[in-house]
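Quick one: structure below, then a few questions.
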Amino acid sequence: MTEPTAPKGTTVVAEWVVKSPVLKGCSARAAAGFAAAAVALFALAPLALSDFRLGLLAKYLCTAMVAVGICLAWGRGGLLTLGQGVFFGLGGYAMAMHLKIADAGPGNLPDFMQLYGTATELPWWWRPFENPLFALAATVLLPMAVAAILGSFIFRRRVKGAYFAILSQALTAAFAIWLIGQQATTGGTNGLTDIQGFFGYDLNDPVNQRMVYFVIAAALLLLIALARQLIHSRYGELLVAVRDSEERVRFLGYNPANVKLVAYVVAAGMAGLAGALFVPAVGIISPAMIGIVPSIEFVIGAAVGGRASLVGAVLGAVGVAWAKTALSEEFPAAWTYFQGLLFIVALAFLPGGLASLVGIVRRRRAARAGGEPSPALPLGEAA
Amino acid sequence: MSSGSSGFSSFKGSRFSRRRVTAGAAALAAVVALSACGAKTDAAGGSSDKAAKADTSGDTVKVGLLNSLSGTMAISEVTVRDSLKLAIEEINASGGVLGKKIKPISEDGASDWPTFAEKANKLIKEDRVVATFGCWTSASRKAVKPVFEKNKSLLFYPVQYEGLEESPYIFYTGATTNQQIVPALDYLKSEGKKSIYLVGSDYVFPRTANKIIKAYAKANGMKVLGEDYAPLGSTEFSTIANKVKASKADAVFNTLNGDSNVAFFKEYKSAGLTAKSMPVVSVSIAEEEVKSIGSQYLAGQLTAWNYYQTTTGEANTEFVKAYKAKYGQDKPTSDPMEAAYTSVYLWKAMVEKAKSFDPEKVKAASDGITFDAPEGKVTVDGASQHIYKTARIGKIGSDGLIEQVWDSGKAIKPDPYLKGYSWASGLS
Amino acid sequence: MSELSGLEIRQLRVSFDGFTAVDGVDLDVRPGDLRFLIGPNGAGKTTLVDAVTGLVKAEGSVLFGGDELLGRSVHNIARSGIGRTFQTATVFEELTVLQNLDIAAGAGRGMLTMLRRRKGVPESVGRALETVGLAELADSPAGTLAHGQKQWLEIGMLLVQDVRLLLLDEPVAGMSHDERQATGELLERISEDRTVVVIEHDMDFMRSFARSVSVLHAGKVLSEGTVTEVQADPKVQAVYLGHAAVQDAELILAEPEA
Amino acid sequence: MTVILGQTFTGISIGAVLLLIALGLSLTFGQMNVINMAHGEFIMAGAYTTYVLQKSISGAGLSLLVALPVAFLVAGALGALLEWLLIRRLYLRPLDTLLVTWGVSLMLQQLARDIFGAPNVQTRAPDLLTGNITIIGGDDPLTFANSRLFILGLAIAAVVALSLTLRMTSLGRRIRGVVQNRDLAEVSGISTERVDRTAFFIGSGLAGVAGVALTLVGPIGPTMGTNIIIDAFLVIVVGGIGQLKGTVIVAFVLGVLQSVLEYSTTVSVAKVLVLVAIVAFLQWRPQGLYTLRTRSLV
């Protein structure tokens, strides 16, 4: 095989990438994809969309960040985490707590504490969040630490599969109930609302809202790059091995608990960052973003787009979030049916998600071209 | 295997091109991003002002209806949306507002607070509505409040709530605490109830209401024998019923919401507690809820509102008739529906007095506006942007309707921060 | 490759809910042996291997190169140089042959190596590809391999894992005659510098390649020795058919386990 | 003393509700390893069946009795339909089943909303079941709610019926055979397909029966299933897959734990503590209270 020359070789490259899995991590196609995404996110979207729609896109991109983590943990590692809401919430609250303190100004309590609380000063566990650097670090590190502790318990005891899914769901329910119960210090069901500033920038200013969008878009690309690196590294291969046969990996001398833990913790960090950036984009974080339903909704996007494919998961997350807005504007009842159908069709009949359609089409085309059909794309193949 | 095999040599080649393309993409992205920001910084001020401004150019004006049409809150909020639509239809039939017909744009908040904020933004920025009506839960109101304040657009909020709020861009047409909770306590006191037990759902309204109740009780020689909160949606109340029963309180003050009420009252009856032995005063049970719980469990229990379907008066007779004609004879009317219906008429009166749809002018014209509402005559208090309302205690009948057993005699001046009550001084 | 080590099992006992699957087994496999474990269904062969590799809890003592194995975790035992295969070939079907071998080779890799992409083929992996004859198929997904090829891949994985003791559970089940021959020769080569234990039902295969044989029955070692010695042992004949000749017993034994 | 007895009874009655809603799952999840998130909506179907029947049968007591078998059939039929349409394609992918059936549950909820309206509906309970019996009279009486006693009785009856079916009948033997060794069962001439569908029918039917019972103590609305489904799954997870006795014990233990914690703390704290206790328990016994030992390599 010789090195293909652009541009004539583009389709050749595509074929070649599919046929040589060894090379799939390093294709020029991926780089071109990144470039296209960057152009779309940084140039086309801001030009084409109104401030309002761009704000919505920012929100969708936050969902996509969570989906990147889900793609890693579930698509690659087989860990169906129905509790990403916990980490999204931890990141979001860490960010919102700092912003509320900053909004209130030095020496003052955040507005809701004055209304509903009895305390005259900040609770001790709010204090560290006065420091912007601590808060920023906490948005990612706090969810990761929680995931590390939970995960090390859960995985070491070999709680897996459906048990893990149900347990993670129960945990997110417990976390939401706990948050709601602490109204005086967490804002209860209301959550933390009415966030005005973002590290000195006034969020009411549309220009700053735009900047928040750019930050989110950049963060998403960064997370995708990070996830790509992980997926195509030796670790990524090992993770797939653990997904497919945990015991076998154990007999090779690895501790699968640690392998899974890394994916779980990284996914948690990604959800945390998403939650943190969701706050300036939407101006609110509340238990409504944390319970069982939002946690499952995070999974929908990844499942529909293709759990094992980064591009699929990200596009799926954005697409489903967009469909929700668009459909629920006109037909709220229809949205629920549509959402249910999406789940059923995507998972029962197209387990690789929409991303697997690309593979199917490509194989068809290859077959028609007279070449030998390339082997069926397994779940983890398209990226 | 030697690394000279074909696969690996092209591997290197591909990496090289990848680097180049990535670097190019990054540079391009950076340039585009910077230029995009730069351009927007200059233009943004003008364009965004224009986008947020309400559209009053045609011969119709748009108003937003922001209610949960799906999710857990849809049960209640759909009825509010229906009665808002009724009021708009009536107004359009009688010539509209300032000669313009009203076009309602209905959005679904989906019982999800960030969605409420998103939809509020859409109504203001995309649809450019002149005013918005809706929201039910405190959480949804808190979520949209900054949106309306940022964009200087008006929201009419039709549900009784926990007070402690005065937003310059919200008109509150439901009761605040001194128009519902405080009168209910006055009533219990006048009935000789010396001790009460507090049961509520775990969210802002019950917790704040109970804080007020405790302060009131302390100042008025009543004892609060217990206070319990159940997570929203909780349907297991046997332990709470046991606790209430063991407390032997004179009455129960119930701030539970939605599904929880059904389970609570079933358990209450099973525990052998009755309206006679230990009456329950509920502040979130209206005619619609009575229908879904069943008068079997509720007959004789008390509610505190400002309006019942049975409230007397010409205005209410017509309202009930019109509502049933439009939505069905079996559909009851309730307090939040009435407050929503009233809010549209109040807005119309304000606009007509201001002779403008401009929110600032409408606000300025609001003080002293009156309307003969189904609940009786209501007056807008321009300073707090709440309205004067009459408090009413009702008793649930075995037919599922609520009969008034007591009222405050006159419309009570809204006092969201309870500044006029000395016992409440330490509350906020 | 480090020096050869043998396996020394003393009074090994495994029971599940009252049923004793392995009942006081004593077994010595000397360094560099190519030992076959045979016995009827339910004799405890696989359970014995499970116990040695830490998959099931057991009492007694298992020494490998002088170190006690019992009570240690599966991956820990694997790291001390013991590898196994399973009755049904267990390879990572969605990874390529190369990736499978690379993972097997990498248990001791550091964090940084793990987080980087694989560049080129590690030397041990390249050698194993040649040894098990899968070099041509290095980039094929393991799921597309033929049954026998998967078994070889598994053996290859043990080689790159650099184990000193291979425990193979029916490595030639379902293979053609030629494939069996190739596998046997492969095992002979491997056992030059490693210790190999094979659970097998195929008596022809056993006769051709076993250096020593242990017969398990009802959780105990019934007989031990060379192929000829074991075949001549009346106890073995009694277990297999009560009275019939060894020849008949072999027919029975040749039935693959379900 | 009355408090302790009262709370113990309350705990047992909470446990009975848990047991009823989890019982069907112990068959579909526990025996067949299918995670059916739409189980809650089958419970809802049972509750709505009661509501519909009351429109045509006037006597509250009679309609409740009729509702029990009818709800069993309605929910069972829904379950069998679901099995035939979707689940049989997914036996090897339990996690996907979880998500697919969650989608089904969304659609069933919306369907209920479209048919019966978004608000809760009411059913009349027979007067006998809204009262209580006094165990200890006097100033500090101990009373047991009749509705709770009825549910407890119903739960026990359901457990007995299910375990007898599994043990004594040929259907039960076939189900257990398929659970233990699918391939062997098939070779032995058992139609695993039919056994799967029957088991699913029974499991879902039990959810319908639970729905009838829930009309006595809770709301009847489109979202009633979602509120309880997680609790039900936790019962099975903690009880152990494939073990009826684990389900029974754990349902009652969790019920009593919940009621004691609720009494001494608050409902929210109790919920959180119970969940923490479950996580801690799974640290100790990751496969649940009782487990079937298998030698298979998972």
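All chains are identified by letter, namely A, B, C and D, in their written order; residue positions are counted from 1 within each chain.
Just so we're on the same page, a contact is a pair of C-beta atoms (placed from the backbone, for glycine too) under 8 Å apart; a residue touches a chain by one contact, two chains touch by 3 or more.
These numbers were taken from a predicted model, which means no experiment stands behind them.
Visitor: Treat each pair of touching chains as one step and give the shortest count from subunit A to subunit C.
Guide: Minimum number of steps from subunit A to subunit C: 1.
Visitor: By CA centroids, point me to the most central chain in this structure.
Guide: Ranked by how close its C-alpha centre lies to the overall one, first comes A.
Visitor: Which chain has its C-alpha centre farthest away from the C-alpha centre of subunit D?
Guide: C
Visitor: In terms of C-beta pairs in contact, which of B-D and A-B ranks higher?
Guide: Most contacts of the two pairs: A-B.
Visitor: Subunit B to subunit D: how many Å between their CA centres?
Guide: Taking the average C-alpha coordinate of subunit B and of subunit D, the gap between them is 35 Å.
Visitor: From the mean C-alpha coordinate of subunit A to that of subunit D, what's the distance rounded to whole Å?
Guide: Distance between chain centres: 34 Å.
Visitor: Between subunit B and subunit C, what is the gap in Å from one C-alpha centre to the other?
Guide: Whole-Å distance between the two chain centres: 70.
Visitor: Where in subunit A do residues touch at least two different other chains?
Guide: As it turns out, subunit A has residues touching two or more other chains at 20, 22, 26, 177, 180-181, 245, 247, 333, 336.
Visitor: For subunit B, jot down the residues that touch at least 2 other chains.
Guide: Only 7-8, 202, 229, 231 qualify.
Visitor: Counting only residues that touch at least two other chains, what does the list for subunit C look like?
Guide: If we look for residues of subunit C contacting two or more partner chains, we find 86, 90, 139.
Visitor: Would you mind writing out the residues of subunit B in touch with subunit D in their complex?
Guide: 72, 74-75, 78, 202, 228-231, 233-236, 238-240, 242-243, 246, 259, 262-263, 266-267, 269-272, 288, 291-294, 296-297
Visitor: Where on subunit B is subunit A touching in the complex?
Guide: The contact residues of subunit B facing subunit A are 6-8, 10-11, 13-15, 17-22, 24-26, 28-29, 32-33, 36-37, 40-41, 44, 47-48, 51, 69-70, 107-108, 110, 112-114, 117-119, 121-122, 125-126, 137-139, 142-143, 145-147, 150, 164, 202-204, 207-208, 229, 231-232, 428.
Visitor: Which of the residues in subunit A end up touching subunit D in this complex?
Guide: 78, 80, 153-154, 157-159, 161-163, 165-167, 169-171, 173-174, 177-178, 180-181, 245-247, 292, 296, 299-300, 303, 333, 336-337, 339-344, 347-348, 351
Visitor: State the interface residues of subunit C toward subunit A in the complex, per the touch definition above.
Guide: Contact set of subunit C toward subunit A: 53, 55, 73-75, 78-79, 83-84, 86, 90-96, 98-100, 102-104, 106-109, 113-118, 139-141, 143-144, 157, 161.
Visitor: Subunit A touches which residues of subunit D in the complex?
Guide: Subunit D residues touching subunit A: 29, 33, 35, 86, 89-90, 93-96, 98-100, 102-107, 109-110, 113-114, 226, 230, 233-234, 237, 266, 268-269, 271-272, 275-276, 278-279, 282-283, 286, 297-298.
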